[in-house]
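Paired with subunit B in one complex and with subunit C in the other, subunit A is shared by the two complexes that follow.
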Partner chain A sequence: MGFQRLINFAFIFVLFGGATANTCVQPTPSFSHYTSNNEKLSQSSAVVVEFTLKCKNKVDDLLLFADVEGTQIPVTKSPEGNNFQVSWTSSSLVQASKMYKVRFFDEEGYSNLRKAIRSSQDINSVKELFQVEFKHPGLSSKLWIRSELLALIVATIVFYVVCKERSEVIA
Partner chain B sequence: MSLKLITIFLIACAGLVHAEDGDAKLILIKNVLNSIITEGNDLMVQYTLYNIGDGAATDVNLADSSFHESDFELVSGMTSVKWERILAGTNVSHVVIVRPLKSGAFNFTSAVVQYVASEGSDTTFGMSNDLGELDILSLKEFKRIHASHLIEWGLFGVWCIPSIVLPYMLYYKSKSKYSLKAKKN
Partner chain C sequence: MAPKQANFSKEEELLLQDFGRNLSKKSSVIFYVHAIFVSAIPLWLFNRVHQMELVDNAVLFVIGTLVSAYLISMAYKNNKFEMKHKIAQKRGEGVAAEVYSKTAESDSSKKISKKEKDERILWRKNEIAEAESMQLAVFYSNSLFLIVLILSSFYFFKNYTPMFNYMVSMVGSSAVTALLSTSSKK
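Now for the complex of A and B:
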């Protein structure tokens, strides 16, 4: 009888312990992104992803990690803990437009990811909490020829035509 | 013999525990990624935190209040953020994008970081490097250097036309007259 009670108590304890685990159930992110890629201003480019997260359960102090193209970055929070931000920079500009896929992991997922990396497994096999995708526009299409070069070309053509006519007259 | 082994084991354990409880020490570097800072164009500021201590820093808060709303517009990123933990020997970085609203020289001051160096200790404060006075170019100045000047060249071409076309018309008239005469001959 006492033993049965103990089992019940242990079962309830495990149940509670599981319920207060620090993970987000059914996460729905609402995110915005920013990409900076202006070659006149800088030779580096920066990407910032900001988001807020809605979870089905109430989570305190959610710890998130992001995986971007094989690099893991910890996610920062606002002091109140509602807004999250991931940002990274690259030392060279992004030339062509591309799609960024950022996968977010909670603590457990992140430790699984680290294990997969250590044992050289495919990191795509680790299940993420959620992911966001967005397009990086790359360098904006610009005029191929600078206006000064175009002016120089036009002037050269005019000069050539005039010289030709002049030589015909002189000859 | 067994007592000796136990003693050695306990000392080793104590040593192990002590090594993991080192103090964290964070260095904050504030860096501007732009080579040119212009009024009305985005300015990228990067903060990097390096933990050069032996232990993990917990409850890390970074705040930069030098970008007042009167002088800068926040485009993307948060100026106050926190990390739960920064492990020893690792670094993290954070990017904030602002847009200067005024031109002229601006004094970029330090950002502040506060963290708990080891369990149970008080909050440690640190400051980043300050970038000093940097020049923010006005939009007019920036366009003068970097915009494509197609309109200016177009207008230049238009003003050149009278001094090129008029003599050419005169020449063409006399040429056609001369050619007719040669043909007649």
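Now for the complex of A and C:
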């Protein structure tokens, strides 16, 4: 009986131990980011965030998900080591500079996040594994009119002038 | 039916040469150079805005540029022919006044016959009409080509693949330009 109880405890311990093996304890990310901010003709910007994650425990095949302003994006992991990368594009990034906060969730956190979204709860109440903040500089200057429209207007003015001159000649 | 007169006098041949559709070598070269230059400009646009690599799409670009250049040069030729004799008519009086004043200023002992004065007027009129009609034809055809290209490439075919966009926009714009140049106002 005592032996049976010992085996039960050992089984439960392994179960929970296995469950916590995929969770990063005390995560310490070191990250770098890139944002495209010099394309005056573009209508959206791209952001790439790369980071290396150090955990207190040994983690195998850690799956992460990023939450960027309410949009969840899967994070890709390099085959070796704990190097991760996430990227996205957005037309809102073309606008003025501001601080961006990206929250990262493990599998359990992500499922809690999805539950919160489905039940229309505040997603900020779901605790993330860790978060990173960076500043997106935005465009240094932006035309208030779309470039192809400006080109069309200029071409139309030139064509009108030429047509007028031509009609004076042909008349 | 009376037989057609096959032999033209020297003056008639000169008139046909000056005011006919055929271009001189110099005019042809000028037109082809302008046409290739105008057809090559959109390559920068498609490379930077539509993200088409020059090396990867080299064959397509060469074909598109050559076809477009041929059609635009045809438009130049037609527009120039249409405008040349109109310009010659408009400038006739001014050219005659210029030639008469020049001959009057020259040595009065050397009398110039009326025939020679008329020839000088005709030659000068042809020279001015040739230059002005060429410039106006190039200017008009280029602006028409570019406006149709901007409309087709950035509005009508904006959501199509870049390759399809390039071929249809370039060939279509140059074809429209050539087609409109064949119209004549009576």
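The criterion applied here is as follows: the second predicted complex is superposed on the first by the 114 of 171 C-alpha atoms of A that agree within 3 Å, B and C clash if a C-alpha of one lies under 4 Å from a C-alpha of the other, contacts with A are read in each partner's own complex, and residues count from 1 in each chain.
The working rule: contacts are C-beta pairs under 8 Å (C-beta built on N, C-alpha and C of every residue); 3 or more make two chains touch, one makes a residue touch a chain.
Fair warning: this is a prediction, and the values are worked out from it, not measured in the lab.
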>> Quick check on the superposed pair: does A:I170 touch subunit B, subunit C, both, or neither? Answer first, second, both or neither.
In response: second
>> Once chain A of both complexes is superposed, is A:E148 in touch with subunit B (first), subunit C (second), both, or neither?
In response: both
>> Between subunit B and subunit C, whom does A:T156 touch in the aligned arrangement: first, second, both, or neither?
In response: second
> So, does A:S36 touch the first partner subunit B, the second partner subunit C, both, or neither?
Replying inline: first
> Between subunit B (first) and subunit C (second), which does A:P74 come into contact with in this model arrangement: first, second, both, or neither?
Replying inline: first
> In the superposed arrangement, does subunit B or subunit C reach more residues of subunit A?
Replying inline: B
> Of the two partner chains, subunit B (first) and subunit C (second), which one does A:E133 touch, if any: first, second, both, or neither?
Replying inline: neither
> Both subunit B and subunit C contact which residues of subunit A?
Replying inline: 41, 148, 151, 158, 165, 169
> Which residues of subunit A touch subunit C in the complex?
Replying inline: 41, 148, 151-152, 155-156, 158-159, 162-163, 165-166, 169-170
> Which residues of subunit A touch subunit B in their complex?
Replying inline: 32, 34, 36, 38, 40-44, 46-48, 50, 61, 63, 73-74, 76-79, 83, 85, 87-89, 143, 146-148, 150-151, 154, 158, 165, 169
> Inside the complex, what are the residues of subunit B that reach subunit A?
Replying inline: 33-36, 38, 41-42, 44, 46, 61-62, 75-78, 80-84, 86, 92-97, 146, 148-150, 152-153, 156-157, 164, 171, 175
> In their shared complex, at which residues does subunit C touch subunit A?
Replying inline: 48-49, 82-83, 86-87, 90, 136, 139-140, 143-144, 146-147, 150-151, 154-155, 185
